[in-house]
């Protein structure tokens, strides 16, 4: 069907409904797979090279050889995006995602890896209200898995730690957004998102070790530096957040979205976005050539 | 093809090669799935009820509703086993496994779960030498994920922590068997196996909290009690293991397999099995109606 | 005014409205004070001796000398209760509380302690619905202060740790009841309450070290033993609670109140009280000579 | 009596002996109160704005609304100071302290906050010998409460952790000064004081997260920077202190007081103040317009 | 000289003054050596077999082969004791100690072990006052090395952790006796001594994992059981000790010596020995055939 | 014998074979001793002053007075080196080591310290292949002793923690090189060596607190800064190492030696030395006036 998006899977480009993996695929059986996700802005892919660099670091950490060099992965990614471009609605954009699993056993303790490249429309409508109202962040009781067990800096398919945290929070408030503490009690990250606060004009975000080094996080840090806003990577705890002037999260999909409360306590005076957040959103829009705030808010209808 | 084993998947029984899941299945994308695995002895399934009890506890912990009550899961399991029984070689046996993943998104943040029931022949030949020589256990530097991040007592599809540990150990010695310490430095467990030591006639195994409460582990504890052998569930550290008289692991496939060394240091005098282990293996064989040691050793050819 | 309850304070018995402490009292300035609280059943005081034993242990730990021996503290307590007895409504009961603060500075780094004994009516009406519906327990992100900083077994006036936890939970759901994890991720206690689960007929409660050794907790343990119900003091984690058959809290005021959910996940089948809890409530009622459940439920109107 | 100092309490200014709180005040019962303390130099108040900024951060963290905006709190503070100014001896100075407790219950789980503003003469005579001899710092076995239980950066009325530490140390040596380690084994802080070392000309002090961010601490950091002395906020452990050239504490009352030994081991060559400390004391005196060292030493008689 | 005691060293029995090791001996250079120490009672050696069992467990843990089987080590020990017996004063007794170091390098990364067996008179006079007055136990800030770094259950020549603790305590009070907390904040052990409390008639001592499993500790546990006194091996924290009725330490030299205070806080009513301690001392004397208390007290002169 | 090297021991210079310590020397019995080791380059001693500064810091930490001031220790060191210089082979070099132990007991709890100064030829031949192939680093399960037990920054004779780690690693691969994690799971150090990685042109090494502050480490940091290579002291975890471009260790003997793999995973593309390492080796050679790489490689024969 012409309307169906296509997926690259192990050398073929097939309709999404036909893209399947064996029930013995190690990605399914043990989550033994890595991925990375960039997005488009106005249909143009963003920082593909940085995302692939991180993907190949994840592969190295997992001792997983995709059988495809990085430049070819870039080519295949562009091919998949191109094949799906015509299905992209006006003002819509895609996540563009590579996934490599350990694959299926082929005997002798060896595996044939599974490689997938997919496009997925960004959920602007479902999340537009967060851009209007700010996110209500709630800290669950569950702590982020520590690096001595599994590095949070690798994008693997093992998300139960983050999913349990999210279930805990959403059971109290389905609209809340979960951010976890690390095992030392410092803020770490949420499901695919980094966390920032602003206090006395300084932007502060958790150090990289306990969180994924988000590309959006890195982009915000560079934008802030370009605007002469001081940025610190530091241990951030609940005292910092309760007494912050502003707070926001960054992610591939959100770019920069304001946080309006933490555990039910208003951040600053509660107005979103705060001035520094606003400044950074404007700079982000300039960088990507799209009004990132408007793209969300226009879905409010 | 008549020779191919069959699998239950979402209401159908299909050949293994046709049992596939969507690349958007949450079991594949995030490891958001649980499973349990029992085995047959002489083709007869073992403690199915206990395994399903644990499976439904895992489902409860993960807030995952399979849409199938426990008694029906038992019926389906027996159906799958029966369908595959004729393919079981003489002296061979099956793992019998249920898997339930969160499944595919159906809109509104909801998912349709994926339910799979499969049979998989036990790898007696590949592991027979471990029964002859004992396992060479090596402790990796990676620690077992702590319960405040994700309980080790739930059989979820998130195995990266254990896989990283195993990669570390096998990179030094492909024949070594990895057992992890927990974050307090006590022995926890390996990839699907529990660990026991014997010292001065007392059998000691790590407490349940940091390890999966294996059904084989429970079976050994009950057998030991029946033989008037004292059993302790306690913190076990490297001192205990280095100075132990005997050590062994238990798992669904292994039942009870001796450990001959830990980090290259011989356990006891190095002979396997030690007298208490031997005693327990005999009792296990009696319980399941199969010579569990002989079933492995006869593959040595 | 005849209707006003009276309070013992530093040698005098005065109306509550006149019982005041200096703004320099160390109990006010630093929370440097200890207390204990028992209650009456049908106007009769319960286990005063056990409560005073614990009070004097708290005083010993805090190196605080009340200047009053334990037997005299008992006499004074009975005097205060007697003076307030006529103000107790039908079916009502009192908390009876001793408080000793370091008091006011008298020079040379010395202090004159403040001793208070008070009666406070139990809030049956405000809490009756918890007896009907069970408590919705939510685990906050904040952890219970560890013993190497301040022992949770001492009843001191430093409650901020528990108050912060409760604020976090009540900001999401004003009706929720907070129970904290300790720094190892095990269940500890809530604001003045101990936590129990029932699984396969066994009653399990956290070990004493990370929680106050509640007198009601001790009473329940003894009642269970009298009923031949197995009781374990053990590390209890979230897996245990999510998969429990029943759960309840104990406290001086609640005695035994069922828990119906944990972090939004139903305990057992959700019906309260579960059979073991019911059994224990009946035994508790027998011990104290009052229907402890009825005393709450009759307030539902 | 004309000689008695006055206190602001809930809208009134009354003599100290009449300033009392209910025995049900939550500040008394649970230590649920915050405070901040600045001092005068030559009768002139120091950095009131910075102290009030920190006070309102403490209130925010505790979700406690004093019902008085910050500028009015400043006015009231100045009023109380003015009312007490005539009672200040020559060469004497005041602590000036605001305290806000959750107050007394008014039904429905609500409270009426208690607001107190007081002046308290600084204990120059009692502490003068510390300026002459340096402080004998001893590290107790008790650790500072970690931020995941209660942030040390909030000035709450919960001081038992610090009081227990001080009792431990003073039981061995009544003249010793307690400084606690945090739960990672790094130096944190003492009862209302921050700790600094000097090594090879560099001034080092523990990072803010595990310690109260003292205003005097901040003042010293700024003075050092003004003098081109390098300052580091870092993890400081016992090795750093044992091998330091100089050490000192800062507090509102002490400003900068030398440390002559740690756990009985002489700091540097034992002479106090060391050259860098001396330099900073001189700069501090310049900033506040008072010889801070002389103010203490003149009491030696 | 006839009056000089002799030592076994590497196959020879020589006077103590001639018993020397190379400055390259690994026992000297890295503390890579193990030992064990028993004592005599009335000149008769005590539980040599148990001590040698522990010694050979230490050797196993350290992968150190003394080149001498256990029964020969027993013979050599008796030989050294016999050779020194005539030098033992009336009412005096010996420590009898085996030491095995990794020894001197002999090329190729190999070493020739050093084996030493010595006798050392017990310091009854120097410690007699502790038996009279009880020990003043002080807890240092330093924590006992955790098992994941080096097991406290192995008697190696690495004592700096315990020496640093003792220096800290003795710098405040040269007569104080140091007992360390483990990294979880529980009581562990002191320099060669185990710690016990008595509360409500029950004897409690720290679990074995964080402490050396002292032979005297084991002896006391067995004696208590023989006297129908309940014994618990459990986590013991400062609350337990501050509120204990009695406390004592055990060691090879002390056997059982009362503790009169902890961190300056009196244990029980301060009288030593308490009734349970007294009971155990009497039983110990009966077991060893010597009045263990009298042997110390008669030195008081 | 003219060919034997000499040693300074307690005021005398004697042949190595005569340099012995009593079996009661506290350095032997408890490892209560400190040391420092520099080396020569072309026979010329390197940074003696820095090494002695660190030695006297170690002595201060251990409260150990060698009875010899620092300048005299320097003179004695030069005397010993001079006396041994003629025995140094062409292209050979010495470690030059000072050792001070607590020494032998002299009554009253006092000791007479033992002072030793020795020369030891560097093992160029035995280690040459590491310079050619790079080191195979393996992380053991054992963690580095934390500073709250004993500071890793002090060079004491207590090496069991590092020796146990090395035994664990070498039992799997006798050629492997052990580097330990600290108790937080970050890279710390190996037996006498510091660890560095290079990523995107930036040189990163663990912060000083959990590792000995090596003089070679400091030299490399200064050389890198001189070459305008950015250097960071930071938490380094396994993710950093697995994804690094280059890695190397520094030590007095090695200076700078490449690491080719970590836990069997190739560092970068596996070629050694990497470009930044090569750059630093060249600068190091320039500084010390010797080709540090050539000195090793010429032994390959």
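Should a chain be cited, it is by its letter among A, B, C, D, E and F, assigned in written order, with residues numbered from 1 in that chain.
One rule holds in what follows: contacts are C-beta pairs under 8 Å (C-beta built on N, C-alpha and C of every residue); 3 or more make two chains touch, one makes a residue touch a chain.
Here the structure is a predicted model, which means the values were calculated and not measured.
To find the repeat of B-E among D-E, C-E or E-F, check which pair has over half of the same contact pairs by residue number; it is C-E.
Here A-F and E-F were compared by C-beta pairs in contact; the pair with more is E-F.
Each chain gets one centre point, the mean of its Cα atoms, and the points for subunit A and subunit E are 58 Å apart.
A straight line joining the Cα centres of subunit B and subunit C is 44 Å long.
The multi-chain contact residues of subunit D, meaning those touching 2 or more other chains, are 63, 141-143, 146, 148, 167, 181, 185, 238, 265.
Residues 138-143, 167-168, 171-173, 176, 181, 185, 238, 263-265 of subunit D are the ones touching subunit E in the complex. For subunit F in complex with subunit A, the touching residues are 181, 184-185, 235, 237-239, 242-243, 265.
Those residues of subunit B that touch subunit A in the shared complex are 7, 9, 16, 19-25, 27-33, 35, 62-63, 99, 101, 116, 118, 141-146, 148-150, 156-161, 163-164, 167, 183. Interface residues of subunit C facing subunit E in the complex, by the touch rule stated above, are 57, 60-61, 63, 146-148, 151, 153-154, 207, 209.
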